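Labels for the chains are A, B, C and D, by order of writing; each one numbers its residues from 1.
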Amino acid sequence: MEFEESGIGEECGVFGCVAAGEWPTQLEVAQVLTLGLVALQHRGQESAGIVTSNGASPPTYTTLKGMGLVSTAFTPEALLKLRYGNLGISHTRYSTTGISELQNCQPFVVDTLHGRIAVAHNGELVNAQALRKKVMRHGVGLSTSSDSELITQLLALTPPIEERDGPDWVARIKNLMSETPTSYSLLMMHKDVIYAVRDPYGNRPLCIGRLVPISKLHSSGVEEEDTEGWVVSSESCSFQSIGAKYYREVLPGEIVQISKHGVKSLSVVPRPEGDLPAFCIFEYVYFARPDSIFEGQMVYTVRQRCGRQLAIEAPTDADVVSTVPESATPAALGYAQQSGLPYIEVLCKNRYVGRTFIQPNTRLRQLGVAKKFGALTDNFAGKRIVLIDDSIVRGNTISPIIKLLKEAGATEVHIRVASPPLRFPCYMGINIPTKEELIANRPEFKDIAGYIGADSVHYLTVEGLVSAVQEGIASFQEDKMISSSSKSSNRVGHCTACLTGKYPVELEW
Amino acid sequence: MEFEESGIGEECGVFGCVAAGEWPTQLEVAQVLTLGLVALQHRGQESAGIVTSNGASPPTYTTLKGMGLVSTAFTPEALLKLRYGNLGISHTRYSTTGISELQNCQPFVVDTLHGRIAVAHNGELVNAQALRKKVMRHGVGLSTSSDSELITQLLALTPPIEERDGPDWVARIKNLMSETPTSYSLLMMHKDVIYAVRDPYGNRPLCIGRLVPISKLHSSGVEEEDTEGWVVSSESCSFQSIGAKYYREVLPGEIVQISKHGVKSLSVVPRPEGDLPAFCIFEYVYFARPDSIFEGQMVYTVRQRCGRQLAIEAPTDADVVSTVPESATPAALGYAQQSGLPYIEVLCKNRYVGRTFIQPNTRLRQLGVAKKFGALTDNFAGKRIVLIDDSIVRGNTISPIIKLLKEAGATEVHIRVASPPLRFPCYMGINIPTKEELIANRPEFKDIAGYIGADSVHYLTVEGLVSAVQEGIASFQEDKMISSSSKSSNRVGHCTACLTGKYPVELEW
Amino acid sequence: MEFEESGIGEECGVFGCVAAGEWPTQLEVAQVLTLGLVALQHRGQESAGIVTSNGASPPTYTTLKGMGLVSTAFTPEALLKLRYGNLGISHTRYSTTGISELQNCQPFVVDTLHGRIAVAHNGELVNAQALRKKVMRHGVGLSTSSDSELITQLLALTPPIEERDGPDWVARIKNLMSETPTSYSLLMMHKDVIYAVRDPYGNRPLCIGRLVPISKLHSSGVEEEDTEGWVVSSESCSFQSIGAKYYREVLPGEIVQISKHGVKSLSVVPRPEGDLPAFCIFEYVYFARPDSIFEGQMVYTVRQRCGRQLAIEAPTDADVVSTVPESATPAALGYAQQSGLPYIEVLCKNRYVGRTFIQPNTRLRQLGVAKKFGALTDNFAGKRIVLIDDSIVRGNTISPIIKLLKEAGATEVHIRVASPPLRFPCYMGINIPTKEELIANRPEFKDIAGYIGADSVHYLTVEGLVSAVQEGIASFQEDKMISSSSKSSNRVGHCTACLTGKYPVELEW
Amino acid sequence: MEFEESGIGEECGVFGCVAAGEWPTQLEVAQVLTLGLVALQHRGQESAGIVTSNGASPPTYTTLKGMGLVSTAFTPEALLKLRYGNLGISHTRYSTTGISELQNCQPFVVDTLHGRIAVAHNGELVNAQALRKKVMRHGVGLSTSSDSELITQLLALTPPIEERDGPDWVARIKNLMSETPTSYSLLMMHKDVIYAVRDPYGNRPLCIGRLVPISKLHSSGVEEEDTEGWVVSSESCSFQSIGAKYYREVLPGEIVQISKHGVKSLSVVPRPEGDLPAFCIFEYVYFARPDSIFEGQMVYTVRQRCGRQLAIEAPTDADVVSTVPESATPAALGYAQQSGLPYIEVLCKNRYVGRTFIQPNTRLRQLGVAKKFGALTDNFAGKRIVLIDDSIVRGNTISPIIKLLKEAGATEVHIRVASPPLRFPCYMGINIPTKEELIANRPEFKDIAGYIGADSVHYLTVEGLVSAVQEGIASFQEDKMISSSSKSSNRVGHCTACLTGKYPVELEW
């Protein structure tokens, strides 16, 4: 909800599952796909889709798509249609283009010379327009505006191998990767296999989990033969809800094949010499669920470190520390710990305020976002508050909150933002308001405190954010690398383009 | 409803409209498209779709699709989205494949190198499988099983002209026609033009109408400048409901361009030397609405002639003639006129009996189709009835009706069928039960009267049907030909494949 | 549909079913109730309701209600809820008040001191306002505007018997009947019994049928022990669709008890001395389905007689006779038979034109009702038509049809109306436009032919209509009376108030 | 969600609004009613209803009802119907009976001799069965099982005043109160007035707010003439979201009249001599939103005091304190403050896990409630946790959470419950599992820690809870009483029946 108001939005979440062992499987693949998707719901609420395959020759695919939340899009009756699936991929979508139609809903399924394939994609191709033209010049009509269809047609048309030679999907995927550098985390299903692919910059997340008996979920000694299936997901937070153990990340540039026989790394496509990885730093700041693990560290812990760093960079003479519930809470607790100020709650959020209809130009509209919050007056009346927010995008949501707190008795409200000012557009999968709408690019920003009614405002520095993120990665890099050959592709690096304007690739690529 | 029970079904109806004169038009194009489609609803009730274009450079297309009847699929609110359309095409679909999904709903819209195109199709390509493989071999992934997508991709990929040369759609359409002989009546919209195309055999119908001021709708002296727009439709029955005058048929093999400047015949692609046209004779017998005009004659009149012919071929010693309401009524009236027997009504049909849920294996199921009918007992008690039906497909619907009439007091029931026995599958757009299900191919057919409980049964002969159809065409051919150059393509001929097994083209084409 | 446009509408249909023999029954009571209701759908399309009882002590009632047609209102899943019913009543409603809400949907169910009762009602209480006030003065709050609730509360509150005495429903029903003379055909269910009640004037129809094995449906020798259940319905046309045999009418003023033990006449409440019965003559003319039986004669036959009578009263010098499909067809055939003119079809009706959205003030609106019809031009071009309509209410629907026929080539169109002009409001259950809206009360009526564009117009006389209706009743009265004691209440008489202004009871009753 | 799983549920929330000053009002009454209801959504999610009146003579009422959340039940289009309302009442319902039907949705509206009234009710009449029988003995049929209809009919039938005398609603309400002692917080609308009533024991909450210009929302000097309208609500948490200032509570036994002229206390009906008030203590513990104010104190503060008290009663040798998000958070922070242990977060909750379909008997079902939570492992691995929960009802939800924490690395998990064990049913509006289902009544309770897998378990004592609640009331009582005459009815007292079995009134009342 805050996302919608702030105007920042993630594009998508992808999730896949392959049952291990003999087929037909006893594993409830359709349910795993559904619940896995529910756990990625924060990455997109516009539409959802699932495609399963029975894995036979030829395979039977079953597709289910719907608008809205997963729980709305799929009825129990509809899910029954998927019950013969032995593997499948699923997708939840956030609309960045404003064209909210079932037709754009992923996964995208097509018949090719080499059989039916299904594709689910998180990210945004930086050179999508050039690629569309290339595909159309080949004589292909494109029926949607989605990158997923574009990717699918690119996989279908290159290289032009004869039917008898077989598809060689790995060659086709490599060819696709040579056509576009970033950003994509991709699942492609063909018959009985899922290919999990991450672009060479690793801009969007993707990780693998192992389904084990619930009773062995958290025990350390899980045997190979305990594996009931494999899952692959945008975020590891989905693993708890389906009873999977975290296995590993898909590396930047890696093509992984997941089948009933297990997980196999097929290739790691390198970046151009000298380029660092460019994992989106806003996944840590904003998008990911706090219990997800990226690069060996928990997102919650990174946010807490951001809060600590903020307390170091911008200490405040105040009585209490609090949060704008609830995404800023880890940072607020970090700030409190570092500063020694007591942590309290000052706002109570109404979870049911959603799409309630408000007529324009009424007194109720003046209440703004404050409609959603109740002030916990007794907790802070007469006190000076440090209020931690995770970001300030347009500046129009924090202002009514400050007003609410002051009118309810706060003597001072100091805003501390646990990320740097957002100044630049993203072309790699995040929906950000135009430069003109971003408060950091507007004249009011010179007196941002005055503009939003705060007693003071401080943002975390870019350096502070990067160090808070990268501090926890070092040891991980040494310990957990699965392959020495891929070391070079795993030097630490993050995309901070929206904060610094430094894009990981040339935009005219 | 009878169609569903008999198991015969039409595939589709197509409809298009272009506003004449200056744009933005005052003509209510979206409403014309909707009402035109409603008038073709008998050709398909599964889903409906409309695509409009504002005709600008580049054009804005708006698409609306939905499941079910036109009135269900499109809400008034949704139709508002189409209000800026200056031209458009629409489609209503009957599901032959059993895959009833929004995704298969037409028109199909794609972006090509030469801009966005929309395609609506009635018919079935006899060589669809070979064409699919050809398209996929070119590297195109096909996302649906519909011929419409296949046609669209064929139009997009051939010939491989450079962007700067422009699309040359006529060459592309001719190329398409060289790839597949039949059956298709096709509407293709590109920017500000609709191309109306009929396959060289003229297997599916297509005709053109002119929108004039309502006040001049039926006056003979309509001036060129009175034209408010042009419509193109599977059947002319749609013209009355939108206030259009019948203009002419699209000829077999003809490519017609319809724009705001008027109607222009671009080409007539010939059939192979010696081949006759092959307009589906079952359009006359069964599918078309009785007020539609094909080949210069009204369907109702043909059906009435079939009834007369039937009375000549199979006279009956009986008291009264009646009909199975209501598609057989014209034939019944023809039979009555020819035989001199009085025409009466014996059955009253409940229009609301539709998809009411009946549990299997109950006594109510034994009532069968008789549930839908009330016997008008007083009209026929103690009398011998000649009951005209338009066709007997499986033999399971006429039987309970005969039982109902007899139990209500009819002393004899003689069945006269106004078409010959159905014996062969159709590969050109009509959904017919398998050969094994057709009563005419079953052992019971030897004693069909006994099997269905009638006192006697006679079918119209193939010769009788053909002569009843073609008798009205002769004068028409001489009078109304629009172009002498196309004479050769208009010799009289009809497809009777489902009755005779003689298909107009080699099936392995 | 015509009803809606003409502005005349029936209020409701009621239907009940009790399984005979041992309970739990094998009879599919819920399906019988549903299909019976579907067969009464022409009496009301706004909402539908079913209440079943298992008949136990205490009984379990199950209620299902929904908006729209029966097929829309009840899903197969929902109908499953009713599967334990051993008896039940159902109702389909036409909205006369404009308040179209689920809340007004019948049957109405309440808990009383003597257990739960359910009530379904067809008709309109002439003294409803006075009764509402009486009930409210007793201290009862009324939650709907429906007469059904009013009747239910009247049954609950009178007479004030103590719980230990039992309800004595017959006394309560008689008391209700003493409070209001007409109009009501009523079904009341209590535990294991349905009471079927018709007001002393017999203004609304009600009849009883017997469910027998389908195999014995039309044989004459049905034994007592063959009875599978009893049904009670507004019209006998519903019997065919559920496999029931017509048993008899409920008499004016009669209270019939239907239980698993059979049908029992409890009482016949007499009319005031000298009053005749007043069965609504418009049931014959317009509302009822042609295969229904009233007063021993088939509605179709009466309509045919009206056509014959019309030919006698208003002969025409013309070439052909035809009908406005399809309610006027029996009268048209009657006119043709009497006049010797040939009967043909001139109009083809599009069954799918329904609630399609048409923007106001467009050229399409000018087409009016003609949108629904295709002209069968070849049948009548150059001919003089006698066109039979069943009634002309506002005069706005026949006019575009005449125009359509003339423009399509009819040289003359003579309108013959198979009923007299409508001039007065109905207070007994029929929705009729206001006096000012009725064409017969307007100045234009003086030149009605000119006004609607016909070459001549003639209506059936009131005397002609009454004799056409009553001619078939005489013999029936002598033959079939079930009880000599009730003879006096069955002298022949009909309500012609909407035609003559003579109401069967004082309106200030 | 937890409520549903724990099996405790509130019955309802009520909300009303009257526009001040001249009518038609400029105040967006329908929106205020809707948003007010949204803020009470935690009190009931099954259905919602709104009734507005224009306040004229006679008034026009408009009713809107729907199933599900307020945002689902009311579309923007539907809300437009309410736009002429000058006052109105609304209701949100939690289904306790399992009969989830639109019919039971409140407010209940009826026509009485004295005009139409609408009633919304929170609570449960302890003597509902006796009252139902009394009403039915009077001859009233009851169409629903809801207490709201019962109350409405009681208001309608007593006393039997003649129409000319006027309704005297206050006498009728007093009569109702003499018939039933508890529990009810009631809104009754008649024409242009809302009566707000609270039962003499004050068992359910009800308070009044004043709508002021948004700009003056939190300033202290609001003038009489600034009043834009009055609102009345189950909880004051709704005031923030509509821009209202807290005005005062409705007192136990008080009848308040709210009109455009202001708020007027009409009467305070006393309790029997010696009886204390009996405000439901579980409103503090569990149901109410933390920012609501009861008896002059914020619910959040009471919960925090419960946490402090729990730390005193049950100190723990542990490393960190945490919460089961998120209702237990105030108590957890209180426990942390009192104990000096650091407060951390250990669980991350997936807000989207809702009604997702899980097949029974699958491995996913074994995950239980843990599906909803992600473990924030890094925060607590290797530590001893004190986990605060607000209540343990059945014992089946806390157990999987403990398992999850332990498997994720917690060395000890000590459960501290911020309320006493639930042992007795509630007959006054709260839905509690049967005695047999309550874990505190089961044999397993003797070793509750072992049963749920905790290292130790302690509940707050009843005395501890009561003192935590009442400690904040003392000063309030002296300061804020609006009327000295009502002092006696405001001595401090709470209903602890579900904990102690001591009910405020005799149950056979």
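The working rule: a residue touches a chain if its C-beta (ideal position, glycine included) is under 8 Å from a C-beta of that chain, and two chains touch if they have at least 3 such contacts.
Bear in mind the structure is a predicted one, so any value in this text is a computation, not a measurement.
S.K.: Any chains in contact with both chain A and chain B?
M.R.: Both-contact set = empty.
S.K.: By mean C-alpha coordinates, which chain is most distant from chain A?
M.R.: Relative to chain A, the chain whose C-alpha centre sits farthest away is C.
S.K.: Rounded to the nearest whole Å, what is the centre-to-centre distance of chain B and chain C, using the mean of the C-alpha atoms as each centre?
M.R.: The answer is 37 Å.
S.K.: So what's the Cα centroid distance for chain A and chain C, whole Å?
M.R.: Going by mean C-alpha positions, chain A sits 62 Å from chain C.
S.K.: If a residue has to touch 2 or more other chains to count, which residues of chain D qualify?
M.R.: Expected reply: no residues.
S.K.: Please give all chain pairs that are in touch with each other.
M.R.: A-B, A-D, B-C, C-D
S.K.: Quick check on the complex: what are the chain C residues that touch chain B?
M.R.: Interface residues on chain C, with respect to chain B: 27-28, 31-32, 34-35, 38-39, 41-42, 69-71, 74-76, 79, 213-214, 217-219, 228, 237, 240-243, 289-292, 297-298, 300-301, 326, 329-330, 333, 337, 342-345, 348, 350-359, 362-364, 366-367, 370-379, 404, 406-408.
S.K.: So in the complex, the part of chain D that touches chain C is made up of which residues?
M.R.: 102-103, 108-113, 117, 132-133, 136-143, 149, 152-153, 155-158, 160, 163
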